[in-house]
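Have a look at these structures, which come just after this line.
In what comes next, subunit A is part of two complexes: it sits with subunit B in the first one and with subunit C in the second one.
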Partner chain A sequence: MELGPIISAMRRNKVGAIVVGVQMAITLAILCNALFIIEQRVALGKRPTGTDEANIVVITNQWAGHPTDLAAKLQGDLAALRSMPGVVDAFASNTYPLSNGGSSLNLKLNPEQRESTAQTALYIADEHGLQTLGLKLIAGRNFTADEVLDRMPGTNVPPSAVIVTRALAEKLFPGKNAAGQSVYSEYQKTLAPIVGVVDKLQVPWTQAGGFGSKFNDSSLLEPYRHEAPYGYYLVHAQPGQAVAVMKAAEKRLIEVNRARVLQKSQTLTEARAEAYKDDRGLVIILGVVCAALVAVTAFGIVGLTSYWVAQRRRQIGIRRALGATRTAIIRYFQTENFLIAAVGSIGGIGLALSLNLWMVTAFEMERLDTRYALIGAVFVLLLGQLAVLWPALKAASIPPALATRAA
Partner chain B sequence: MLKMTHLSKAYRTEVVETFALRDFSIHVREGEFVAVTGPSGSGKTTFLTIAGLLEEFSGGEYQLDGANVRGLNDNQRSKLRNEKIGFIFQAFNLIADLNVQDNIDVPLRYRGFNGAERRRRIQEALGRVGLSARSRHYPAELSGGQQQRVAIARALAGSPRLLLADEPTGNLDTQMARGVMDLLEELHRDGATIVMVTHDPELAVRAQREVHIVDGQVVDMAPQPRLVEAAQAGS
Partner chain C sequence: MFGYYFKLALGSLRRNAVLTALMIAAIGVGIGALMTTLTVFRAMAADPIPSKSRQLFAVQIDNWGPKKGVSPGDKDNLQVQLSYIDAMGLMNANAAHRQTVMYVTGFALTPVNPDLRPFQVQARAAYADFFWMFNAPFRYGGPWSAADDSGHADVVVIGNELNEKVFGGANSVGKTIDLDDHEYRIVGVLDRWQPTPKYFDLNGNTYGTPEDAFIPFTRAIDQQMASWGNTNCPSGGGPSGWDARLQSECIWMQFWVELPTPADAARYRAFLNNYAAEQQRSGRFSWPPNTRLRDVREWLVYQHAVDDGVRILVLVSFSFLLVCLLNAMGLMLAKIMGRVADIGVRRALGANRRAIFSQCLIEASVVGLAGGLLGLLLTALGLLGLRSLLSEDVGRLTHFSPADVIIAVTLSIAATTLAGLYPTWRAAQVQPAWQLKSQ
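Up next is the complex of A and B:
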């Protein structure tokens, strides 16, 4: 290896090496932060809700005017939906996963507690809720029909029981079986018994770093009939029949009562696509920016190394005349590039971590995993080696006889 | 040491074939100091590039230190060039970004010597050309004569079997040229085989033998008159 002479030669021609090194450092800093964000957003978009998304349909229902007897209307609708062919089950709720809207509660273990123990999303469900959503009960039991109470929005009817997710159970009663315990809701000012624990049910909110992101899997189901002018019918269709059931359900609901607006109907798969649309857009934009940045850096290296080769044609000819093989010439340029890239990468890692620290402070982003910086550094080193290959091959083709020609 | 037999070198284009060397034969024995002379365009430089394995030839045979070099691939030629030949160029051909020591080190690194061996050879070669004190200087900080001495030190450091000098004093003033020629003669006296290409008759007479080339062919291989006279005086 010609490290000593290469470093010595670079010290006498600093500018080019510094330009490439800085470019590599900036590329690395932007690249690993961008890839970190991309990875986070992709992972965010793939988070399972805990429901049988592919077979669940959501119909947004708004009764026209000031409807009376909402309890009867709700029961009529649900009976109609549950009796439809292709429907496994159905219930009405205040929200649904991926809807980006809903209510939250602060929970305590007892009324005397000053600070709440956990924050949770609130899902209203009757005894059909678990089956409709396809939730997996891991402890305790489902709501019974007797536990399900009538409740109009804005009224405070203490729940007779609650079902919590595993994540919420762990927060409330770490290492213990939450089924059988009680939990105190600050809003309802009452202790409610936990009758069951489900494996997973994501909160309705999906925005990265937004509301709900800190208690993503902490959800609580309360047993009410959602007797509200505005609400959601969730319908679990037989496998592969979601779209057909959705269309048929809309038609059936209109047949039952025309005095309503069915604002929006979609499968949870469609809801997922909609919920993470912005994240997908960001991933695409960042991906394009990263690709462009990598291309600009690669072309920069190719351009500058080609210039160096042109500038050092005679020197290369002399080296060849003195016994350098073509491989030795290629190795020379690769070593030179490796040294520049190594220094650029060290600077880039520092820059990447600093940039991330700033974004953590300014935008409440997550801390960059150091592995991203290291992987980015390896990538930049490989990019440099790849980019330098073509000019190095050109250099290696310079004939040794060039040394005998007049300077 | 160097034996070319009926060697030819042709440069071909789509419409014409030009011979730079034709039916070219020369034999340089070990320890000889040969001057290759001729007018411009006679084929002197072509001879040097082929002798130095810098270029391939079209026909004939070339044996360097007993080995036939025809058909060697680029790597083999580079290795042979590095091990057997020391070059002294008219334009010195030092690498401007490297100091004296690193310039001399270039062929030694390609040879694969370890650090200690390289340092020993560099010091020895610099001592030989009287530039030990200048090892950290860059070429631009040296006079033309000193630069050529560094180039000679670089050529000597690998202990080559053959020194090829291409107009070694062409870029030097008279006094510096004399110093370089004195050094070459000293190396020859110490046993080096030297082939020097020059168009300067005054330099050529300092060699043991002059080979004159015209139109790519050897036309005269006479020993130098002063050597003939010396031989006659001796007999």
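Up next is the complex of A and C:
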């Protein structure tokens, strides 16, 4: 293929070529950054909590007034919940996965240590906690009933034992078995034995780059009865019965005691949808914009190339009359577009990387994987080829006889 | 002349219907995308209290020292909230024109009618100055008095929604409500109030509605009402017991002051530094004073009130519009190049460069106008989509104002005309003789 005539033709139509090239460069820059963001947000929303989400119901309980004897009230509620048909198990806690609210602790290996070793989310649970959440114990054991202590919120009762997640165990005791070791919590000022390690339990916070994102899988369970004016009942329903159990449980709790507010009940699946709603929204919007962008760029190329073809009808006719095949004509326009797209792509890769660099400093963004830029470049090149095909075919169908007619 | 050019433009556009449709569609989609994201962005970035945003200041005092623990958004070693000790220290010093400490808490409200179930009421504990400082609009009654603050009175200001729910919207001033087994006397009912963002407390829900009820801070502390907002302690967790919490370095309160003039602000800054220096002298802080006073706008920027996702969307849609305009420019160029002969004839018949230039520019503006109208339609659709996709609080920001119609159409015409400048200039360069010869 002779590049010479193509380049000299483009030089006569500089601005048109530049417009298409710049358009392709910007398209590439937006496309790969947007796809990168989409991929990250999708991954964010898919992070597992480590629990049996579909079958877990959370009921928010708030006692009205200043209730006395919270310990008895709590046990009454839990006994009622556990005896319900369709309920596997239940317990009360200070928070739940995907709730975006909770407490964190700084852990040390001993009281003398100056800087803390790990930060962790705190889940309050009794001996029913592991089964209710559906957590997988990978070392040690569950809490025993006599390890579970009474605790009003805001009071400091040293925990008799703790259970940690695998991620937290690895941070505290890399390469060692954490079960049997002890950790020191700066706020409780006690050394507590680690009795068990569970495979996974996500912290309650889910925001990208937000609080907790740096210790996403570091959670700690402490054995207390959560005797608080405000708390959450977590109920594990038998498969497929979560919604029915949720409604029945609300009714049952009101029967047990009316003086309470059940502000919000939901399954963890619903909690997940809510926690990631804005992320999902962003993904969809970016996706739509990307699709529109691709369409606009493609139609732009189609429109512009069609006009170039129309403008050069006579020249094309002459070329055909002088012996150029249809394929040669098609290849001419394809090569022309390829040249423009190649230059545009090189510019686009640079633009994409600098746009990303700027976003890294301006937002909580990660560095763009260069592969994304390369995939984007290939995509833009293919898009150009595809868009140019139709006008090129039209050009190829110009009859050689056209050259013989007067203009 | 304008009318004639307009007619010519329409004719020329109709002659190349496909091309025209492509141009209008590209511009419409670009304008639609930009206006959609811009509407949300503007709502997020808007000044929530324009008349006073330079007079209201959030106060920050470093009571943790360098490198001690982390709190959300901790970039300059300053916590975004205050401890009770510092909040009371500042309240008692009374060094500002107006001032209030506050925190979020809540109750269960037990209705008088025994058939109705108790329900949740979110409340804010604050001083009376709160209502004056943040221009809270009253429907009935007004704020409580300074005497109520110092008297730890059991009074309450309720929001419009709560008043509708409990009293059916009637004037409830003087009546009482039962909040957690305690009777509170209503002194005021707020009108609809939606400061966006909720600048005076950006912990938790940035775009949420203000609380349903407001009670004197002094009363809330007496009642040991736990914070329903964020509490962060330098060692993680929290100390045991209410009194220990009050005496701890845990941060859980917001503190705002109103300072009418820059001189007042400068004086207050000096006062804050003195306060922190005093704490250092007394041995509570082992570090030099680190305090900050930020007005509403600075506070919103500092706290990242505008969601990063929305910033990214605005950026993407701006670039998208740019691509759309380049696209339209390329198509216009192609179109004008295809009509060189036409223009040559007109030039030969006496039209000067200016005439050609205005005619082509009007043609571009007509495309811009049509694109803008299409863009408006797409914006309406886009906002509808956003509302269903985003959470309720963010979705509330997707309202289209009449001003946006003007902005969209103006932007579209201006941008398209700008994109049309080069093709138009090329058209005006057409040499009449040259074109006629080549025929």
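Keep in mind that, in the parts below, the second predicted complex is superposed on the first by the 401 of 407 C-alpha atoms of A that agree within 3 Å, B and C clash if a C-alpha of one lies under 4 Å from a C-alpha of the other, contacts with A are read in each partner's own complex, and residues count from 1 in each chain.
Heads up, the rule we're going with is that contacts are C-beta pairs under 8 Å (C-beta built on N, C-alpha and C of every residue); 3 or more make two chains touch, one makes a residue touch a chain.
Keep in mind the model is a prediction, meaning the values are calculated, not measured.
Undergrad: Label the relationship between subunit B and subunit C on subunit A in the superposed model as either fit or clash.
TA: fit
Undergrad: So which one touches more of the residues on subunit A, subunit B or subunit C?
TA: C
Undergrad: So in the superposed three-chain picture, is A:Met359 touching just subunit B, just subunit C, both, or none of them (first/second/both/neither)?
TA: second
Undergrad: Let me test your reading of the model: by the given contact rule, A:Ile7 touches which partner, first (subunit B), second (subunit C), both or neither?
TA: In the superposed model, A:Ile7 contacts neither subunit B nor subunit C.
Undergrad: Kindly classify A:Gln315 by the partners it touches after superposition: subunit B alone (first), subunit C alone (second), both, or neither?
TA: After superposing on A, A:Gln315 lies in contact with subunit B but is clear of subunit C.
Undergrad: Between subunit B and subunit C, what is the shortest CA distance in the superposition, whole Å?
TA: Here the least C-alpha separation of subunit B and subunit C stands at 11 Å.
Undergrad: Does any part of subunit A touch subunit B in one structure and subunit C in the other, and if so which residues?
TA: 407
Undergrad: Okay, in this complex, where on subunit C does subunit A touch?
TA: Going by the criterion above, the answer is residues 18-19, 22, 25-26, 29-30, 33, 37, 69-70, 72, 106, 108-110, 117-120, 180-181, 226, 233, 235-242, 245, 307-309, 311-313, 315-317, 319-320, 322-324, 326-327, 329-331, 333-335, 337-338, 385-386, 389-391, 394, 422, 426, 439.
Undergrad: Contact residues on subunit A for subunit B in the complex?
TA: 2, 4-5, 8-9, 12-13, 314-315, 318-328, 399-401, 403-404, 406-407
Undergrad: Which positions of subunit B touch subunit A when the two form their complex?
TA: 45, 48-49, 52-55, 74-75, 78-79, 81-83, 87, 89-91, 93, 95-99, 102, 105-107, 109-111, 138, 154, 166
Undergrad: Contact residues on subunit A for subunit C in the complex?
TA: So the residues of subunit A touching subunit C come out as 15-16, 19-20, 22-23, 26-27, 29-30, 33-34, 37, 62-66, 103-106, 116, 119, 122, 153-156, 185-188, 208-211, 230, 254, 258-261, 263, 274, 277-282, 284-286, 288-289, 292-293, 296-297, 299-300, 303-304, 306-308, 310-311, 359, 362-365, 407.
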